[in-house]
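Let me begin by handing over the structure; questions about it come next.
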Amino acid sequence: MMKFANVIGVSFMAVLLVLLPLLLPAVGLNISLGTTVILFALAASSVNVLLGFTGLMAFGNAAFFGVGAYGSALFIADVNANLILGLIVGTVCSTLAAAIIAPFLIRRRGIYFSLLTIAFGQVFYFIAYRWSNVTGGEDGFSISKPPIFGGSSPTLNGSSYYYFCLAIFAVLLFVLWRIMRSPFGLTLQGIAQNEARVRYLGINSDRFIFVALLLSGFVAGLGGALYSVSIAFSYPLLMDWHQSGDFVMMVILGGVGTIWGPVIGAAIYAIAQNVLSSFTPAWQIIIGGMFIFFVLVFPKGLLGLGAARRRREEEASQDPDVAVVPAGLIEGRQP
Amino acid sequence: MFLPKRGAAADLIVIGASEEITGVYAEPARNEIRGMQLAVDQINKAGGVLSRQVKLVIEDNANNPGTAVEKARKLIQVDKINALIGTVNSANSQATSNVCLEATIPFVDTGGHTDSVTGQQCHWTSFRTCHSTWMETHATGYSIANKLGKKWYYLAPDYAFGHSLLDGYKDIEKKLGVTVVGEDLAPLGTTDFSAYLTKVLNAKPDVLIIMQQGQDLINCLKQANSLGLLKRIAVAGPQGEIENFWSLPKEARVGYWGFEWYYKSALVTGKNKAAADFIKTYTDLYKQPPTARSVFGYVTAQQLAAAITKAKSTDAVKVSQALSGEHFQGLWQGDAYYRDVDHQLIWPMWFGQVRGDGAGGDEWNIFEVVDSQPGDKVEKPADDQKAVCKLNYPA
Amino acid sequence: MTANANAAPFLRAKDVALSFGGVKAVAGVDLDVAEREIVAIIGPNGAGKTSFFNALSGFFYPDSGTVTLRGQDITRLRNFERIRLGMSRTFQTPSIFAELTVRENIMMGLQAQANVAFSMRGLGARGKELAGRVDELLDFVQLRSMKERQVATLSHGGQRLVEIAMSLSTSPSCVLLDEPTAGLAAADTTRIMEVVRDLHDRLGLTVIFVEHNMRFVSALANSVLCMNRGKVIARGTPAAVLSDAQVREAYLGSEEIVNV
Amino acid sequence: MIEHLAPEIVNGIVLGAFYAIIAIGLSLIMNLTGTINLAHGSFMTLAGYLAFTLMSRGSNFWFALAASAICTAIIGLVVERLLISPLYKRVPLYSLLLTFGLSLVFEEVFRLIWGPSTVPFSAPPELSGATQIGDVFLPTYRLFIMVALVVVMVALLVFLYRTRLGLRLRGAVQDAEMLAALGTNTQLLYMTNFGLGILLAAIAGVLAAGLLGLGPTMGNDLLMPAFITVVIGGMGSLAGSIVGGLLVGLAISITTLYLPAASEVIMYVLMAVVLLIRPRGLFGEEGIFG
């Protein structure tokens, strides 16, 4: 059962996203920026699966995003110019990438986990940069937009591609929402709040974290696959740790652990970057400053503001600096 | 409100510029923009194009292909540009080129050198002003053999760009009957070249061809200097970016390099009055002499305007056809043209030596041009390009 | 009541030692617990009681010694594997999911026990069955009325009861309780005491608890183990241990003993 | 072969010593406060630019080295007090993100002040050229760096093991709460610790500028190998950072000689192998963070 306020919220966001291709040109922005927002939101949601739902400080999701991008682009260019198949291949690649590095990651928690995600993320960046016969190296890799089902089926452009991405995103958001309310999701929340207790309920949390990593790799890879088609290009910087950091910041800007947070964060980030960089070469200072400001002043993000206040009213008294992503983040000395 | 007035679009020719205003290429990008801006100002002063004023809308592509695509689309959809120019980074050039094909907007790559833009990934909408990587290696190959000797040693960075430079030299070496006495690929970011340089000293080539860029090049040159290699063996390379040499310590301002243009040499400008005027106006305006990058920007904007005038329309097909194959007098000796087959600008390339101090009381003047090669001699033959590049003009 | 000498004891710790950076927290402790026994572990602060618990329950692995459960060596078994063998524990400060509801707290262990924790969809038919179990467990600790409350909003005593209910959600045969009454008011202490007694009397569980409240210890325990500086200094019936001279000396001046 | 191998080994040690010094700073800050300092590279670059500015105003190299390292450490302290210390009571994610934002700001500020290209930063004349040892010519500046970094490392060890503040710091790294209970001013320790980490970074930054060239991203380019050094050596271990750094440096330089194509990937391979065998890293202790 959804609360009335949630129904209003979901409806508002739905209407906003559906009308976005009409709204953006009206304020002097282009439709493909909307597509970028949606696809960055997918990447940010993949971070949120780990960070918000499972309490793991992931700082390498750009690697999954990039693997998805290259996977689909290479397939579309070299094997079969078919959008749907390309997306499937890209997503399978990114999920596999997650499966390969997950055994290294699940043995660590806390900042050690972050450190490992940064380092392993950089491995993928390095491969894309270095394996230039296949990836085109730093010059990147071009594709032409593939027909949706290959052959002579139509090719999606501009707003039709936006709605295609939006549809996929909506389905995925719904699936994530369902998962968070499933037994699996409940266990992830348990891990985020108190992993020791989860283990003392007889649950092998490592296996849940493994699956969460796969899920995260899947979502990020789907975003990446759609992105490389959107810009008809893939390039190594997509996997750089700065890109990962941007995705994490999107989650924080919007509100960590919420379903809509990553969307709002992605929108703020993408639009701010796009608009500011048209005006001033110092835009990176402003974006970096915005990050710092949010971290210091609004650590729960825009959505977290309301939620936090509601919870605060219910609770007797709590430390105002209670962590958004509690306990589980600091690694305990457990076998 | 920062929206352009839509009605105004009809009274203006709008040219978009996508440049690496932030990031490592900020300096070359700035010089390209200065060139474009100067050309547009002069065109407008002379009455504009098709009696419409030209407006230049500049966007920062942040040296990131994703942003470059976004900005290209913004320029096309929101600013309703008639043509797009710019880019320094090859990845940005190619990504932008693809977007412009999709939107059927003419695009002139000012400064991204990768072969694919006018090769495998060429489009009927895309043109390129700067030389291709192939042209750089071939032009310098001829000049090196001509001026420095025919016993070569290659040192290349081990990544995509290094490999394509190496391929270029390997092609020209056969034509010239050069003996190659050694070849090394050094990883990108190598800090110590002494192992490679010792091998070079033992191999005793006439010329060491260094294909490194940026910081790797600087480190390599500094170490070659300290090992005394420079006194025994000539050092040369495919492309000297004057912006880089200006910021180098004097001990690293050494060697022979391919130059895409230079402001102070009779071999480059000859008696070309347009060039002399350009250099003077530019230097007065920006308190710094123009570089090859400035020329890319200037010539690109100027030729685009000329093509629109000739086509009497901003229609993409007409403008592209007008630009393609039209011979013109640039800011150098001899003529130039964007050739029909692949839309690459065919123009000469120069070769010369870099020196530590500015000559003739001009601190900027650190380059001595000694040779030049005509463009059609150094680019891939048009017949070969036909097999690689399919422009696919709309019927 | 003492362990049957013939059969392997239900839970046995043999020469368990655990140290942190040179400090020996547990220095060779033996413990035999029979099935359905209630054992209390007492000792002054820093005696190594919790560390011993940690070694028993796999929070840390002991440096040396062995732990066996029903004759099976579990010394190097990971903590969650011990839970599946029927061990369960609580912590000194209640280890709960503060931001989840009471129901969700209980549900998590039930799901795992029912092997549906990996389900990414709803619980379907199993949902009703598990919901029934939640009610049962909450009835046991008399918290059913709090079912939809966020655990963080419960009193300290309430949180402890939730933790006990959680530790029952895995259907254990043996429960380790680390200071179940620490920091509780008198009324809450009595309630916890009843619940712990019920664990044994109604559910037939083996209970091992660390406790400072000696009233609690003498009322409930069959057998008491007193630790000091990582070593066992006395063991036996509550009456015998609490009157032991060494025990009294170890506790001398500390207020806990006052209750005896 | 020795005439090739010896310079590569020196090069490997120099590179490794850089990674080690940076990794020690990172590791100190990580362990005590849980902050993964993504702005560490920016502080290195900052120190390089400050030294460059001083030298272009006529200062000699030695004064510039000392003054810029101290100035950078002071700036680091200000940053720690104003921006990072408010985050200590929160989960470590926030300090990680704050330093991420900070590194973006720093990088762009460097571009605005000192330009987007590299600046002509030269080692002092007395350190240029090559030194002959036996049959082998070694670049003097590299030898100097090797010696300088060893001196810095020894000084650090003396500080940590022979001074009261250092002992407290080591104690705090192992158990901050215990120290707080003993009444030591933890905030002061956090500050000292952060300042120390930045001081190490700053010294490495100035030395690196003369070796690698000084541009806005110089420090960030060194950051990733330093992270990998921490992973390989094990978090929270001084010995781990030193051994890990040397291992990475030597692995890179030796593969450069025998198999140049593998010299970039070797670092990642090394990391994966170490983690497979020892998930905690070579010297990783069972610390607060495992």
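Going by the order they are written in, the chains are A, B, C and D; count residues from 1 in each one.
Assume contacts are C-beta pairs under 8 Å (C-beta built on N, C-alpha and C of every residue); 3 or more make two chains touch, one makes a residue touch a chain.
Predicted model, so just to flag it, every value in this text is computed and none were measured.
Visitor: Moving only from a chain to one it touches, give the least number of moves from chain B to chain C.
Guide: Step count on the best path from chain B to chain C: 2.
Visitor: If you average the Cα atoms of each chain, whose average lands nearest the overall Cα average?
Guide: That would be A.
Visitor: If you tally contacting C-beta pairs, which comes out ahead, B-D or A-B? Let me know.
Guide: More C-beta contacts join the chains of A-B.
Visitor: Need the most distant chain from chain D, centre defined as the mean of C-alpha atoms.
Guide: C
Visitor: With centres defined as the mean C-alpha position, give me the chain B-chain D separation in Å.
Guide: 38
Visitor: Would you mind pulling out the distance in Å between where the CA atoms of chain C average out and where those of chain D do?
Guide: About 47 Å, centre to centre.
Visitor: With centres defined as the mean C-alpha position, give me the chain A-chain D separation in Å.
Guide: Their C-alpha centroids are separated by 31 Å.
Visitor: What residues in chain D touch two or more of the other chains?
Guide: Only 108, 264 qualify.
Visitor: Give me the residue numbers in chain C that touch at least two other chains, ranges are fine.
Guide: Touching at least two other chains: none.
Visitor: Mark out which residues of chain B touch at least two other chains, giving numbers and ranges.
Guide: Answer for chain B, listing residues that touch two or more other chains: 22, 26.
Visitor: For each chain, which other chains does it touch, given as pairs?
Guide: Contacting pairs: A-B, A-C, A-D, B-D.
Visitor: So in the complex, the part of chain D that touches chain B is made up of which residues?
Guide: My answer: residues 3-4, 7-8, 11, 15, 108, 111, 115-122, 128-130, 137, 139, 142, 211-213, 215-217, 221, 253, 256-257, 260-261, 263-264.
Visitor: Name, in rising order, each residue of chain A that touches chain D in their complex.
Guide: Chain A reaches chain D through residues 51, 57, 59, 104, 107-112, 114-116, 118-119, 122-123, 126, 130, 241-242, 245, 248-249, 252, 281-282, 284-285, 287-292, 295-296, 299, 319, 321, 323-326, 329-331, 333.
Visitor: Any idea which chain A residues touch chain B in the complex?
Guide: Listed in rising order, the residues of chain A that touch chain B are 25, 27-33, 36, 129-130, 132, 136-140, 142, 144-145, 157, 227, 231-233, 235, 237-238, 273-274, 277-279, 281, 283-284.
Visitor: Going by the contact rule at the top, pick out the chain B residues touching chain A in the complex.
Guide: Contact set of chain B toward chain A: 1-4, 21-22, 26, 59-60, 62, 64-67, 69-71, 73-74, 76-78, 90-91, 94-95, 98-99, 102, 114, 116, 121, 159-161, 163.
Visitor: Over in the complex, which chain A residues touch chain C? Could you list them?
Guide: 178-179, 181-187, 189-190, 193-194, 196-205, 207-208, 211, 311, 314-316, 318, 326, 333-335
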